[in-house]
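Order of writing sets the labels: A, B and C. Residues in every chain begin at 1.
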Amino acid sequence: MNMTAADIFSSIEKIRAQAPLVHNITNYVVMNTTANALLAIGASPVMAHAADEVEEMVSLSGALVINIGTLSPDWVEAMLYAARKAKELGRPVVFDPVGTGATTYRTGVAREILEEVSPEIIRGNASEIMALAGCRASTKGVDSTAASDSALDAARELNSRYGSVVSVSGEIDHIVDHTRVARVSNGHPMMTRVTGMGCCATALSGAFACVQEPFVAASMAMALMGVAGELAVQESGGPGSLQLHFFDVLYRITLDDIGRLLKVEVTA
Amino acid sequence: MNMTAADIFSSIEKIRAQAPLVHNITNYVVMNTTANALLAIGASPVMAHAADEVEEMVSLSGALVINIGTLSPDWVEAMLYAARKAKELGRPVVFDPVGTGATTYRTGVAREILEEVSPEIIRGNASEIMALAGCRASTKGVDSTAASDSALDAARELNSRYGSVVSVSGEIDHIVDHTRVARVSNGHPMMTRVTGMGCCATALSGAFACVQEPFVAASMAMALMGVAGELAVQESGGPGSLQLHFFDVLYRITLDDIGRLLKVEVTA
Amino acid sequence: MNMTAADIFSSIEKIRAQAPLVHNITNYVVMNTTANALLAIGASPVMAHAADEVEEMVSLSGALVINIGTLSPDWVEAMLYAARKAKELGRPVVFDPVGTGATTYRTGVAREILEEVSPEIIRGNASEIMALAGCRASTKGVDSTAASDSALDAARELNSRYGSVVSVSGEIDHIVDHTRVARVSNGHPMMTRVTGMGCCATALSGAFACVQEPFVAASMAMALMGVAGELAVQESGGPGSLQLHFFDVLYRITLDDIGRLLKVEVTA
């Protein structure tokens, strides 16, 4: 099995045609950014976190994205309500354990979410994935201090415990399920100087999960992030212009763009 | 009666000269965006939502903008405190019923706000306006699935019930009061791929409402959105650059810019 | 004593090399903006406000930045928890009293924070600093209506009461401690048309406070803001593009850039 540019572009065309609603319960820092990324690729984002409406909102949605970047108890409660409803309805749940390992509270919440809802996709950096699996890993705030491949065992462990596809971002992204590993070698270091790029990867995983099974969706999201990031960096004089060119590229990306740059390898 | 480029530009000059304070209780996704739009046009935005200060803040302000995009019970309570105070002081209230129709909670809150405070201006898309009036309309999250003119009867119904000017955005924007309809044919489809453009229309309606009566204010805001959007699209390679060029255009827009592009028609 | 471009650039190089974690408990409007400013200069931002984790998060951090732009009681409580912990651990606290003077609640909270934690740096505009010191000053929302030098006495008063370095932004920025005043004459009026520029000054003060003593840190932050703002304006057609070019400039600023433009004067 492999993943071609045509596979990815055909999924993007499905997203553009169907404009699936993606329900996000995410952090304050990146809400604007991930909404713009979802709109640019052709999805329809909604941000809603009131306990009184999250179950109804998720029932209208093609996927649920939860992200604990700026968590607090009432938001976590809403995430759990929404995620349980999503599971009940068979909608994919994508979980971003931002900053797991940095504080006891954050790690505890992340594990509670895993135990309660077994998300279809977990998308984090190496430090977060290792902390989530219980490895001794060092996290500095929300930025990873470990390389992506050092988290491969942790990713496999989380997959075997919760059945989740685990998507570990880094210089090389690794996407793991029980039989396969996808390695995406696209991207650019300047992307780490823009806040919310990891959260965009998570949100786009949600968009792809509306039109593809979780492993393929998670891999396509990372490939698109990397290719679009490389294209955007070419036009950018720094991280400020990178952020906006990234949205422009998502909006107008072509099969040829992906074909020229794609570096993905899937092994069994 | 008609609305000329000179009328609109003269109101913009008033905003630039007076820099009216516009108090926003709005959603997390767009706060940065609407603050920047208000600053770019020359107004002075303030975002404040604590129950302990909203009444005092609104008393310093020229207009109040409330927007339920990411509502929760305590924010709704603050909106009601602020809006009642604004009505008491005779300050215009602009209400954006984001996502009304999507969930029972959201629709209920939107109607409660209408009943309690009869806003001077209601600004929403066709789905939201129809849901607000009790029509059977389909909303997908926060994006409209209906054309603007299909909401004209709903807009008239809301106007007759609450006395509010109703501003329905779409390919053609319709602004309705009890005797007049303004039709604005400016704008560009790429604007729907930037989050918060509708919320900017609402915020700018608040800025114009500091210097004009509600029907004129709502019409001028939609005309400015459309003209500035068209100008910004000309410089933009996608929705990322559109957002920032939109602010640049608001900041430097001239009478000539508006005169060249304006397509507004007011009928009795 | 004076402050040269080489001094400032050498501190920027320290920030880039150490990537200090800066813990922000700040307002919803600017979170994305200040996170991007901190990333662009080479620091590692984290935003976390849950009472359950702020003490642990601050203990991982090089500095704490608190900003009351969109305050509410639970956020203020978290600010106090975090700030007390920072003091206990000897980490610098930078406080931005956004909108102090506009409402009784806001002014009360700002003074409570001063009394409880004596921040190493207070960074505000003239209206805020004067209101904080108890002068009769007029604030219109969150924008200053007074010139920076009119707040010098208030700044000295706050310094003598709390020991804080007081950084007053304006056309000329004044940074005051008990023996020195730094005057920074850099910057550009268009910066006042971008939301969150003051908050970026506060956040960057936090980054510099990880590698310098408070007076020097606060002065360097204002100098960098001004120089980077001037450079960014040169490439910008308005405040929308200014915001992104500002991040680009922070990311790639050189010793020569600072040397060409720097206008800072330190007097005893």
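By our rule, a contact is a pair of C-beta atoms (placed from the backbone, for glycine too) under 8 Å apart; a residue touches a chain by one contact, two chains touch by 3 or more.
Keep in mind that what you see is a predicted model, and the values were worked out from it rather than measured.
Student: Would you kindly give the rotation angle relating chain A to chain B, two copies of one sequence, based on a CA superposition and rounded to a multiple of 5 degrees?
Tutor: Copies differ by a rotation of 120 degrees.
Student: Examine where the copies chain B and chain C touch and state whether the two sides share over half of their residue numbers (same) or under half (different).
Tutor: Chain B vs chain C: different; shared/all numbers falls short of half.
Student: Let me have the rounded angstrom distance from the C-alpha centre of chain B over to the C-alpha centre of chain C, please.
Tutor: About 33 Å separates the centre of chain B from that of chain C.
Student: Which chain C residues touch at least two other chains?
Tutor: Expected reply: 28, 32, 243-244.
Student: What part of chain B is in contact with chain A in the complex they form?
Tutor: 27-30, 32-33, 69-73, 99, 102-106, 140-143, 192-196, 236-241, 243-244
Student: Within the complex, which stretch of chain B touches chain C?
Tutor: 19, 21, 23, 28, 31-32, 35-36, 39-40, 44-50, 52-53, 56-57, 60-61, 74, 243-252
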